[in-house]
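Please find the structures below.
Shared between the two complexes below is chain A, which has chain B as its partner in the first and chain C in the second.
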Partner chain A sequence: MLPFLGKRAVASAISLVGLVILVFFLSRLTGDPTDLFLPENATQEARDNFRRLHGLDQPLIYQFFHYVGDLVRLDFGDSVRRAEPAIDAVMRGFVWTLWLAAITMSLVTVAAVVVGSLAAFHVGGFFDRVATFFSLIGASAPDFWIAIVAIVLFSVNLGWLPTSGTGTAWHWVMPVAVLFIRPFGLIVQVVRGSMINALNSAYVKTARAKGVKDRKIIFTHSLRNALLPVITVIGDQTTAILNGAVVVETIFGFPGVGKLMIDSILQRDFNVILAAIMVTAFAIFLLNVLIDILYAVLDPRIRY
Partner chain B sequence: MTPKLTKLGAALLATTIASTAYAEEVTIALSEELDIVDPCESSRSNLGRVILQNISETVTELVPGSGLQPRLATSWEDKGNGTWRFGLREGVTFSDGSALDAADVAHSITRIQSDAISCEIGAKFFGGIELTTEVVDDHTIDITANPAQPILPLLMSTVTVVRDGEPLDAYVDTPIGTGPFVWDEYARGQHIKVSANENYWGDTPAVTSATYVFRSDSAVRAAMVAAGEADIAPNIALQDATDSSMDSSYPNSETVYLRLDHATAPLDDVRVRQALNYAVDREAFVGTILADGTLLATGMTPPSTIGYNKDLAPYPYDPDKARELLAAAKADGVPVDTKIVMIGRIGNFGNVLETMEALLSMFQDVGFNMELQMFEVAEWLEHYSNPFAEGRPPEIVEAQHDNANGDPVFSMFFKYACEGLQTGICDEKLDSMIAEATGLTGADREAKWSETFKYIHEDLVGDVMLFHMVGFSRVSPRLDFTPTIRTNSELQLGQIKFN
Partner chain C sequence: MASQDTDTLVIPDAPRPIVQILRMLWRDKFAFCAAIFLLIVVFCACFGPLLFEDIATKQNLRGRNAPPFDFSKDWLFWLGGDALGRPLLARIMVAAQNTLMVASGAVFFSLTIGTALGLIAGYKSNLTSQIIMRMADVIMSFPSLLLAVIVLFMLPPSVFNLVIVLAITRIPVYLRTSRAEVLEIRERMFVQAAKVMGASSGRIVFRHILPVILPTMLTIATLDFALVVLVESSLSFLGIGIQPPEITWGLMVAQGRPYLTSAWWLSFWPGLAIILTTLSLNLLSNWMRTALDPVQRWRLEIARKKK
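Then we have the complex of A and B:
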């Protein structure tokens, strides 16, 4: 396992270096942040001074090597808009996003596996039809619309939940619920399909012939084999949330890294863009390693 | 009284006190999270709504309807040669207990012009002006502007005063000011809390504490007030202002116009510029894609500005006259068939795209060869601000200009002088009119600005002036608070009362 982890770390490090180079130059192609930071009527002198203060008057290649030099010392630079270290702003947002992803995907995984497995057990039955109907709606529902409707219904009309923000457990209910819907719909479909294959396999028929109970057939014999593709999809969906649940963060006022990233792109806050992408990329690398380990745990044939 | 009754009485008293305390707290839902919170950046609208006159006070204060009023300065006098003497209020302390004196004002002025930080107040209001100070005594300061600024006391209404010791090369992250409120906490991404300053020199505000939260979606901000989670949402979209018991509109000091490039044909011909003006059915926008209450504009600044020329009338919608003017220009060899590029700014105001598409349709209807391009702010600025690209096509740039400061001087040089950053005109007579009006005071100043507006509107046909915009705020029924033109840039907690 250790050699495998070492190889993955080296490959990820190379990818990360490529990402830094690409994002550094692509973000600079969007233009100069001076025009966005200073008022429209700022004099040329004020603009020149701003560029000098932030090193934007230097040749691009010099800016790049200066940035890399700082990065080696784990200095991600300062945010122009926030006047604080870029990494501080990113980590503050990333913690919120990480929690949001962890809670949502834990609930999604449990619910989708149970519902998908039960739907697969009686294909075409009432439960299967209901589960398929709602999971297809969930997989295709626009989360922006759901979020606004949920606020109007549960906060303004019924007064059950806070509209937005953070602070109490109640504040998490609607953001998690809205984020839950799409991956739940998708993963239910994947679990169902995968379980149908598993339940039709020879060893399950043998188990049934031997009189093994349904619950044991589903959750002990079939599920373990059906989980491999499901884990892949769970990984993809978790990655999507880690990359930023922008809509949910924007509507519910969640101070996550997705909204920070979008704001930073619009404001040309280059150091924050780079720090956010590197932190997210590192987290996704760790997630992928975890998924690889899970493959090995679930399937004894997979060894690294 | 028995012990039980005593306990009951105490409990009731505590409940009463608690509910009273709750009633004096307010929550305000802002549209953007604050980035830098230094008072020298408080001309940014969202920071201004938190800091301006709440945490940090200005030297003077511009009050809608009342004009320039004392704030930290109680008097001012023109000493000549660009120097003004300001007498400061005595007995004022910062929230850390230190006393306000002239050295603090001198330091604040130095700081907004510091090269080591980019303070927006300095860049926005004092570009090209050198300010020097001389402390006369603890409560008297001479401020000299080079070139001389006849409206220096008005310009001082933009200067927030900080302590003498605040760094010249770094922004502060905990603002300390002399205002009626004290900065308590900023949980980034979540909220800002302020509470009443017990040692404030002025009247004690009814509000005892305030919490600012950040929600970028207008519908959510409006819902927060409807659900009782917030008391004021100062800037909501037209489509979310659906409850007349809570929502009100106010002139928000923004003027929307089309800046014409007088340097390129066919826009260099006055008949073409007139045709553009006659082609627009301005009234058709109001109450449809723009809010009811939107005013038709004839000048760059809102009607509350001094020198606003009330005698000017918007160009009427007359497509036939527009066609005639174009035909006359064409007959004289003006290349009216040249493709004109109309440039809009994405997200500049609510329904900007619909507005631009409607304008395009009106221009094409009278015979203009025109295309619309919508840009993000940075790319838009490349077309809006000098230096303009060489060999550019004839361009019309849509812009929204904010002047809540009561005087055209904050607008006219930048928008119309030959050296102005966003000017589409270079006219010698106009330059001298702007320079003359800038140097006058009182009624003469007002008259000169008025004359200047008329010259631009009728003689030069400088732009296609469109609308003075209105903003919408949602205010909880438990508050007695009416948004004004200043709500676009500040929100004084001291002006909030409870019903």
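Then we have the complex of A and C:
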């Protein structure tokens, strides 16, 4: 296990370094923050001061090594916009996104596994057709559209739910519900496909022949074996939300890391972009390791 | 699937491949409807701007936010008018072109480049494949929407640039799938036989391995097409994709957003166009997965014999 983890860490570190280099130079090509933060009629002196203050007067390559030097000491630099350490802003947003992802994906997992398994039990039956059709719609739905239709329906017309922001539990309902739809549709289909295979296997026939109850066959015998591909997809979808549920966070004014990243790009707040990317990349690395461990737990044949 | 006219040419004992395909399509009614709908969308994309460009851009301030289902008006106004009184139906048909052009361009480039790189990475287990896979990792670990945002800030957000950005973010999908398939297929007997008979690497990869993995790649491409339509719409919705006066469905949803409370139809119809298109692609991809799989194909063929 340990050598495997080490290998994974090295591979992830390499891609993270690539990512940081890429983002560092790409983001600086998007424009000069001086033009954005100072008024149009700012004097040349003020501009020079601003540049010197944020180290923007140095050659790009020097700025890069300076940044990496700070990074080694875990100093992610300051946010130009917020006048606070970039990492603080990122961690604050990241906690929100983490909660959003955790709540959404737990609901999705439970719901999709139950619906998918039941659909697979009677392939072609009424429940299967309904489930397949709705999961396909779910997997095809544009989330921004669902989000604004939901706002019109539930906030404006019915007045049940707040339109945006955070505060009460009611504020979480719509973002979670909108984020729920696509992963749910995808995972139901994967569970269904994988369960159909498992239910056709020899050990299920044996269990049936022994007279084991249907429910036990579905949820104890087959599910455990059918879950491996499902976990992969769950991991991918969680990654997608952690990477920033940008659209949903923007529409619902949710202070997560996705919205922070978009805002920082618009404001040319380079340090925040980089810190946000590194934090999420690290979280995704941990998530993937967790998924690999889960594989080994579920299927004892898997060894690292 | 463009040639429908062939279904009259049924040869009793050996139906042509195209007839077979159409019959299998007819067996799956959902997929059949999906295919018809996609044909209509493709038709709009090809001819919509030619036929309706003028009507779709002509402002009519007296018909601002005209409500839908007013059948006394011209049929183009049946879905209502937008904030400048332009008929929504015509605008949706015109916008189909940009939406489909971006998506098909992106899918085409990512499919060809991704598959080619995947074939190389899978067939040559050495430094090249390591480098290719690490590069794919970098792209995969990059939030694709953010990559698009950053790049589109540097480059003007034209259709072409959008295609390139979306293609880059989708390459790893094809790369990884084709590589995984190649790793399995190159151990099979027919590849070994070709090797023994002295076939070159290029010949083995393109003449022996590529035809085997192509159905899988095309199925993924169909599914991915739906995803790219969604991503493009999200980008346009966020205001960093296609810029007005060009239109796409995502942009139309965004343009209708300020009028949500008073005129829901401005955002609703283009959103419905997106969802119906992606749903059709998903249904078609499901059908393809069955139709192209020799083990599963009987599900679509057996009922034909029953008839």
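Everything that follows uses one rule, which is that the second predicted complex is superposed on the first by the 304 of 304 C-alpha atoms of A that agree within 3 Å, B and C clash if a C-alpha of one lies under 4 Å from a C-alpha of the other, contacts with A are read in each partner's own complex, and residues count from 1 in each chain.
Just so we're on the same page, a contact is a pair of C-beta atoms (placed from the backbone, for glycine too) under 8 Å apart; a residue touches a chain by one contact, two chains touch by 3 or more.
What you see is a predicted model, and the numbers here were worked out from it, not measured in a lab.
When the shared chain is aligned, no partner comes close enough to touch A:228: not chain B, not chain C. In the superposition on chain A, contact of A:287 is made with neither chain B nor chain C.
By the document's definition of touching, of the two partners only chain B reaches A:42; chain C does not. Once the two complexes are overlaid on the shared chain, A:50 sits against chain B while remaining clear of chain C. Contact with both chain B and chain C is seen for A:151 once the two complexes are overlaid on the shared chain.
Within the superposed three-chain model, A:250 lies in touch with chain B and with chain C [touch as defined at top]. Once chain A of one complex is fitted onto chain A of the other, the partner contacts of A:141 are limited to chain C, with no touch recorded for chain B. Touch criterion met: A:27 reaches chain C, while chain B stays clear of it. Taken together, the two structures place residues 30-31, 148, 151-152, 156, 250 of chain A in contact with chain B in one case and with chain C in the other. By the touch criterion stated above, chain B contacts chain A in their complex at residues 33, 35-36, 38, 43, 115-118, 120, 122-124, 127-128, 170-171, 173, 188-191, 213-217, 219-220, 223-224, 226-227, 229, 376-379, 381-382, 384-385, 414, 421-422. For chain A in complex with chain B, the touching residues are 30-32, 35-43, 45-46, 49-50, 53, 79, 81-84, 89, 92-93, 96, 148, 151-152, 155-156, 159, 162-167, 250-253, 255, 259, 266, 268. Partner chain C is touched in their complex by these residues of chain A: 11-12, 14-16, 18-19, 22-23, 26-27, 29-31, 133, 136-137, 139-145, 148-149, 151-152, 156, 243-244, 246-247, 250, 261-262, 265, 277, 280-281, 284. The touching residues of chain C, counted against chain A in their complex, run 30, 134-135, 137-138, 141-143, 145-146, 149-151, 153-154, 226, 230, 233-234, 237-238, 250, 253, 257, 260-261, 264, 267-268, 271, 274-275, 278-279, 281-283, 286.
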